[in-house]
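A short worksheet on the structure shown next.
Every chain is named by a letter (A, B, C and D) in the order it is written, and numbering of its residues begins at 1.
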Amino acid sequence: MSLLVTLTALLSGPDQPGLVARVSGKIFEQGGNILHADQHRDMEEGVFFQRIEWEPRNPQTLQEESDSFVVFAKALGMTARVSSSVHRTRVALFVSKEDHCFHDLVLRWKAGEYIADLVAIISNHEIIAQAAHSYGLPFYYFPFESGIQGKQKAEALQLKLLKSLNVELVVLARYMQVLSADFLNFLGKPVINIHHSFLPAFAGGKPYHQAHERGVKLIGATAHYATEQLDEGPIIQQDVVRVTHRHGVPDLVRKGRDLEKTVLAQAIRWHLESRVLVYGHKTVVFD
Amino acid sequence: MSLLVTLTALLSGPDQPGLVARVSGKIFEQGGNILHADQHRDMEEGVFFQRIEWEPRNPQTLQEESDSFVVFAKALGMTARVSSSVHRTRVALFVSKEDHCFHDLVLRWKAGEYIADLVAIISNHEIIAQAAHSYGLPFYYFPFESGIQGKQKAEALQLKLLKSLNVELVVLARYMQVLSADFLNFLGKPVINIHHSFLPAFAGGKPYHQAHERGVKLIGATAHYATEQLDEGPIIQQDVVRVTHRHGVPDLVRKGRDLEKTVLAQAIRWHLESRVLVYGHKTVVFD
Amino acid sequence: MSLLVTLTALLSGPDQPGLVARVSGKIFEQGGNILHADQHRDMEEGVFFQRIEWEPRNPQTLQEESDSFVVFAKALGMTARVSSSVHRTRVALFVSKEDHCFHDLVLRWKAGEYIADLVAIISNHEIIAQAAHSYGLPFYYFPFESGIQGKQKAEALQLKLLKSLNVELVVLARYMQVLSADFLNFLGKPVINIHHSFLPAFAGGKPYHQAHERGVKLIGATAHYATEQLDEGPIIQQDVVRVTHRHGVPDLVRKGRDLEKTVLAQAIRWHLESRVLVYGHKTVVFD
Amino acid sequence: MSLLVTLTALLSGPDQPGLVARVSGKIFEQGGNILHADQHRDMEEGVFFQRIEWEPRNPQTLQEESDSFVVFAKALGMTARVSSSVHRTRVALFVSKEDHCFHDLVLRWKAGEYIADLVAIISNHEIIAQAAHSYGLPFYYFPFESGIQGKQKAEALQLKLLKSLNVELVVLARYMQVLSADFLNFLGKPVINIHHSFLPAFAGGKPYHQAHERGVKLIGATAHYATEQLDEGPIIQQDVVRVTHRHGVPDLVRKGRDLEKTVLAQAIRWHLESRVLVYGHKTVVFD
């Protein structure tokens, strides 16, 4: 909503005395005005995390200042990622047949909630094509031929497209294909996924049927970064909704859909605002 | 809170046309006034469930009316359990070292929240003894000698005590021993347990450490009827609380404790008010 | 989701013994199979409420059976409203400039969540016209000329349209005009409204600014039936979301929008499924 | 839980460039190790807020370092309050007849959740006396004689006691007397209060009866700093719980009690951990 031009750095690395002072001192010396700064220490692991946002003195040299900050952080033994508030992240949405997250995200984007460009809607089904076009969005159809080779072929084409479009974030908005380890490695960009969650967890297919059979009182959804281990990547956001015996499987599915929409939308917002730092199997979310 | 003398029946059995009419007709014919009635049908399984509460014409013959209702239900092919609003359920609390659920339940009971008598506080540790006595509650200490035999011996003594006290409900208020299948069978009374829950679930020890390591954003608690399968019995109530990276393991443990208190207290209330029907692996809760 | 043809009655009236038995007996005698029945008694006021859903023996005579049930209820001193599961309620959406509830409701309707027909999108602004058309929905523009007379004129035209379309439910999906008492009286159909809610409540304009200034930790939304007293009609559903000092006014507005969507969508679902009974200033929601 | 000796400063004042760098630089120069630092800017008002926690080089000179920090902050135009992790805040609990918050807070304190000393239980009724004594806590009874003079007299005695005990925090744990403006001024220490909240808000007596009559779907509780305007002080924490038409007034009261316990307990924790900064009518809570 703000027209302020700011830079935001996400830093992490081994903890050491004086980090807060050094980082803020560096920005101050260069004439920057720190707007927000949030630190966290993982005491068990001895790791330091920081999100720091500042107004640079010269908005014309954002790239230079970003690069210089990364170099400075490296000298402190830290890893840093710097992004500017005017950068529009290039996002690709992957969808299959279920379109609730797709519509929700596109409408939020059209309403100006995300500083991002939706550069591609990608699907293994053609069903979304018309809706994508009615929103004026480019739609790409990659059918999967059967077998491992069919998957490899489709993924190779997807990767080529994503690279050519300079995609910076992939969102799996109920995309019902598991991305291969190779795909994730070659892509080299963050991928956010959404899936249902239950207490207790259920393995195998038809999870809502299992949840109904088990009489769970809460159903949940989890947004996470995709890794090779399906549904096991670092968690960004989770939420639950209450259900009773009066809710049949279709009700559970419907309530699950509503939950998936809000949880995924929130996770994407946090990612785009440079609020999520990943380390090990988990995230630090500076909300 | 009410001084009304009422009877409440929990019925279940194969669905058939006319059940609601027959049950309510029966009560009406006997001069009863139905106060609440709640039905549920499990469409997949073809099972009918009902909770029905009524004021009997003659409060002096509660037992006869209860017995007669059970016979009536049997003739319809249904199982019924009838309880009266003036019956004080005899409850035994099992506790180990952690006393948060113990204090919470005792204070609720002292505040008049439960129509029940606390007839025994049972522990495998002596640590709770003094607090139990200061509340004026009978405390029983059953230490566990090592090995299977030690457990069998302690359980045999516990069973003897529970039988002699006519205990009707056992509450495991953070009791850190797994009850054997034999114990549950011989007891033949409902046992309510409370345990932590996570999305995703964690197997093995130190679950809060695992949850912290995995960076979960929600921690939960589940109250359920105890069965031979530990933590797998029919779920009565569940709830969650939000956590962030700022919360260390001690914070997770503390938040988990608060959750366990409220979830267990609610499950016990529903049980005592005859609101919980068990079937298969799940419950119908008429809240 | 179900293809079952059922009838659902909502009954209310002075409490008297035998009501449950009489109502269920009546349905049973006519060969109906009761699927769900839920009763409530307001003890203070001595009023009986029931929602009862049944499969009629003959799905060809739904109207006759409905009419006969209403007559039967009247003879018991009760008011009844009966609707069938295959009836598609005719709904008109009123919108002003903010379109988040509009899109959310239309997409739910297109996804088959509502047994209803969207027969009119009505607005005092032209801004929604294009979106309505892209969904294939009829859009009606009623600008308000200034003054009381302008309002009267616009309302008269709206009423004429609503009558001609046989509208059965009006939904104010962020419609920023207060409906006059005359409009509500002449319409004679339920009107559901959504508005923000806070603890504490704020009078006057710019409520999100006031909430921010006051540092509230929760913001809420309330869906209610519209009455002459603005924002004072019987409450159908409420929910809240947590905010912190880190959230500026635009964040509060955005979070409020998300809340308004889900709260309004739920209230409409309950209304369409004949789950809401109004009496006095409040509702009984048989969820 | 931690045995670390740390200092925590809460700073606020007019925003100016370089504040983060100057504050962290000052601590670093003195050999301190910053563990946590959290900043916030109120953009509308141009105010800067910070909570910063550090390990001082010399744990023997906590007072000197605290004093020196306050002087340093003043030179920057900031107000600072510094507290140490080993300081046990001296707390007085005010109670009337309802004892649920009293028991909950005492049990948390006994369980080691609060770094604080409970130095006085103060009441205008004798009903709590025995429970206080059984916990080994000093109980003071201040009955209110009728009229303004009775109140002035009781408050004067209370103030004398609080001063003599060096009380640093007063908690109104369901204390049903309004503290006078004079009392608050002479005390000069923070007072935390808990009260119920509703959407919409209800003026006048018997709020739970009013909420029931209005058919609200949520009831809430708010913990805030007491000011002359009853129930109008800066909000620290709020929460809500869902209710339905099935809940009578006693259920609403019971659910309200549970909510009051957790909301008040959380507010006190945040206050004791120096996480709450007050400005104007609101708080910044660094949770």
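Definition applied: contacts are C-beta pairs under 8 Å (C-beta built on N, C-alpha and C of every residue); 3 or more make two chains touch, one makes a residue touch a chain.
Every value quoted in this text rests on a predicted model; they were computed, and no experiment measured them.
Common neighbours of chain A and chain D under the contact rule above are B, C.
Each chain gets a centre from the mean of its Cα atoms; the one farthest from the centre of chain A is B.
In this assembly, the C-alpha centroid of chain B lies 36 Å from the C-alpha centroid of chain D.
One simple way to say how far apart two chains are is to compare their mean CA positions; for chain A and chain B this gives 41 Å.
Contacts with at least two other chains are made by residues 40, 246, 248, 287 of chain A. Put simply, chain D touches chain B in their complex at residues 1, 99-100, 103, 107, 111, 113, 134, 246, 248, 250, 254, 258, 262, 287. Note for the complex: chain B touches chain C at residues 17-22, 24-25, 27-28, 33-41. Residues 40, 42-43, 49, 197-201, 213-218, 220, 222, 231-232, 234-240, 244-246, 248, 280-285, 287 of chain B touch chain A in their complex.
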